[in-house]
């Protein structure tokens, strides 16, 4: 067996180690699905209970920002996928640049998100005592949607922030030559995480921004 | 290998000394001990609250007043459920034994294993600080809108504690699943696994898929309380029944997180002390998985009187009966395992007998609660309390104590005093039944749960229950004392004091070295090969 | 041991598909289709999500055990949605026959 | 303390039925427990270890046995399921016959009871023997549960909605009312008494109190006070539907559905009028009354609307 500095003592070989990491990561993502699932479930219940109120809120959502953010995240998923590929074939320089690109796109997403939150704050669409809604007859039910909007996008944004932290770690590790074509598991795993966060947004975007937009 | 030789051998306990070697260890066995000590501490904290409750109920007018009592049962529930029952067997015995049983050197993610203990302690400290700062009075179920709007106790702090502890449970489950999938030693096929491992695998599935839903539910509840806006309080336009759906989506399967590891332990005890292979191995193995999966489809039986649609209730009731079948299969198979066995009455086996008896009663009374018309009458009464204490305390805690005694020599390298242990097992059994059996009657008579004061006609049965609780309390203290003593002063254990089968007894030294085995183990025979067939 | 290296053009192809679908979903949301707006939006989201899972997350090349856990995650989400909804959908039902009052 | 019993008093038509089902379950439960105990004891004694070197032969299992002890318990459980479900539906759906409707509002920590005749009580409920009584339960704050052990019935009282159940008292006497869902500090003091009386005594009791306005009369005042009367012109199709002969009948909705106009529907239509629009009418015409009207006047309003539908 070739000496493998990254093989932990309790594994027999690198294959077993990678298989464990991949399986572990996917189980973690299954956990994440259920974590977001509780909010998707609440969303489903209230949307079917108050379809008009929910439709009316979509007029106060910044669809341009949402769509732009969708595009940004899809781009970052591409760069992340390419980063994993670069790691796979041992292209250190490409790996670092693709990770930096992913990181930048992640920050752009958070910036746009922050701008949207600020908009909501100015418009008194943050649930709580100062909440105010233009269409009074929907005020109470619209507040529930905005509650879910902030809960869902907020938890998503926290995941993004964690992702940004992880990317920075990866960039540092990559620049210290920690990865090789033989061992790049962290890039692979954090890639999975990043794509997952992208998928959550792929569902949040139509649910929160587009539903009932024609009405 | 002779015992004298083993005594001087390096093992996981004497490999290293000093507090750092414990607090920064990644050895699953040391982490299991960290869990063992912290869980025992929480057990006695939760137990102290139970003592307070039973004292209060000595008089129909209550001794401590309403607010105090409400806090007592809430803290008892939160501590016992989230900080004792859920982690108990998996995090201690499971953590210690699963890698050894499958012939691995450690869990797949040792650092995550340590992290999960720190998370558990973090959650525990928050929950305890909620107690110190005055307590919580929502009941462990945190029902909205009471918890989100009306209670003015430290709900957020306690909820945050539970939220955080949940991640510890998720990480433990994740670690187990991966370990069991990828770390089995050569020859250890799925159907050669000890049933202990199967039980923990099923448990881990629930931990991984159920716990995040609890976390998000509590998160939404906390947000509603903080913002005074939200989704569960009807005065804010929300639906409180939705909270119950989301809460029980985790908390019913959580009941199986608590009992499946207990069942897992019982398999090992019955097989060893009957010297028989478990009757119907594959049925017992798959019944664990069946319980884990079906257990996710029955939560609505907590909502029969809560305003849930009658048709949904009907479906949930039906599946609740269905989930009783795999539990029944287990009990029947354990009984059949004893047939033509060679049965000894060592302490762990006494606990196994206790488990079968009490779990049978707990399980059968579960059928009463699945029957909708009966549930309407007895839900939220002492019938429910008695039922789940028969399962949780009569089942789970009996199995836990049985397991602790069985593997005590393995963990410590020493033997416990058998006579004291038998005596304690008897006291616990008697005390338990005296405490909880009267509560079935109280429940059918109509005494609601969470009552600080009660009608006079319930007095006699409550006094009986409190009397039983004092016996039970002493019963739990005795093992605490002699096991602590035996840890230092007990006679040195031989390699395999029970002549048990399994890698942990046959191939790993007692106590095991840091990497569990001296030679990498290879498995060539099925589990429980007591008859030594080839 | 590791998953095989995927050609860049596959990634770029998936990326273009994702962007096209995003544009489509925004465009469709401006057209009045009644209930179908929701169905179209969700179908597109599911397709997009599946593309990411299948290609970017390499489930295509993953072991069957990994596939099983991916499926389990979504399956359990389905359990939660279906059973919770079953309550809300059937709450307004009128008791049909009243045979139980005989 | 009196005689010791494991059954609470039986005072409703359903109590006997629930006890019968309970008896069946006890029988099965005790039977199964004894069966398992018998075999555990038998094996434990008969096959006790006689020689430390015992090495019994392995028995790996038996498919017929596994099938038997899966299928037989399951079949017994099917009986429990069917029986329990029938009784549950029976208790939670109001009977076809005419019911005496009583309205209960729970709040921390008391039960407020209103009778159609306008009588009101706190923590007391009076009902006649032999008459089907239907309770409509509302809560002003948190979740409570209205539990009458002697009737073997309870239902959670969920804020924001109405819950109902019905019973037919069979034996006069005084029985406990408990709150069975934890509701805060004085949860265990949120108790009361239900008094079951012979029908003639009941009439006496009803007329005995101070004779005030009936619930419907009070409801009519609420109807005027909130200005409902301006749009819901009786016997006339104005901007809003007429409310005469609406209650208890199916209503055609704008979106094609048909719903039954029961208490829950009327409640929703008052608090959140846009939820269900009657065919031929428009949304956003009626103001939202969510949070504007307390539970008790709301119940009176509903009783008034009920009274507009001739029996």
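Every chain is named by a letter (A, B, C and D) in the order it is written, and numbering of its residues begins at 1.
To be clear about the criterion, a residue touches a chain if its C-beta (ideal position, glycine included) is under 8 Å from a C-beta of that chain, and two chains touch if they have at least 3 such contacts.
From a predicted model like this one, the values you see are computed outputs, not experimental measurements.
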A-C versus B-C: which has more C-beta pairs touching?
A-C
Compute per-chain Cα centres, compare each with the mean of all protein Cα atoms, and return the closest chain.
B
Averaging only over C-alpha atoms, locate the centres of chain C and chain D and give their separation in whole Å.
39
Which integer distance in Å separates the CA centroid of chain A from that of chain B?
35
Could you tell me the distance, in whole angstrom, between the mean C-alpha positions of chain A and chain C?
16
On chain A, where are the residues touching two or more other chains?
19, 23, 27, 30-31, 34, 37-38, 41, 45, 49, 140-141
Touching two or more other chains - residues of chain C:
65, 72-73, 76, 80, 84, 88, 95
Could you tell me which residues belong to chain B and also touch two or more other chains?
181, 209, 213, 237-239, 241-242, 245-246, 249, 310
Along chain A, where are the residues that touch chain C in the complex?
14-15, 18-19, 22-23, 26-27, 29-31, 33-34, 37-38, 40-41, 44-45, 48-49, 63, 67, 70-71, 74-75, 77-78, 80-82, 85, 88-89, 191-192, 195-196, 198-199, 202-203, 205-207, 210-215
Within the complex, chain B is touched by chain A residues 8-11, 16, 19-20, 23-24, 27-28, 30-32, 34-39, 41-42, 45-46, 49, 127-129, 131, 140-141, 143-144, 147-148, 151, 155
Taking the complex as given, what residues does chain D use to touch chain B?
1-2, 4-8, 17-18, 21-22, 25, 28-29, 32-33, 36-37, 39-40, 43-44, 47-51, 54-62, 65-66, 69-70, 73-74, 77-78, 80-81, 83-89, 91-93, 108, 141-143, 145, 147, 149-150, 152-156, 158-161, 163, 176, 178-189, 191, 290-291
Complex interface listing, chain B residues touching chain D:
62, 66-67, 70, 137-139, 143, 145-146, 149-151, 234-235, 237-241, 274-277, 279-283, 304-307, 310, 313-314, 317-318, 321-322, 324-325, 328-329, 331-333, 335-336, 338-345, 353, 356-357, 360-361, 364-365, 367-368, 370-377, 379-381, 441, 444-446, 448-457, 459-460, 528-533
Residues of chain C that touch chain B when the two form their complex:
65, 72-73, 76, 79-80, 83-84, 86-91, 93, 95
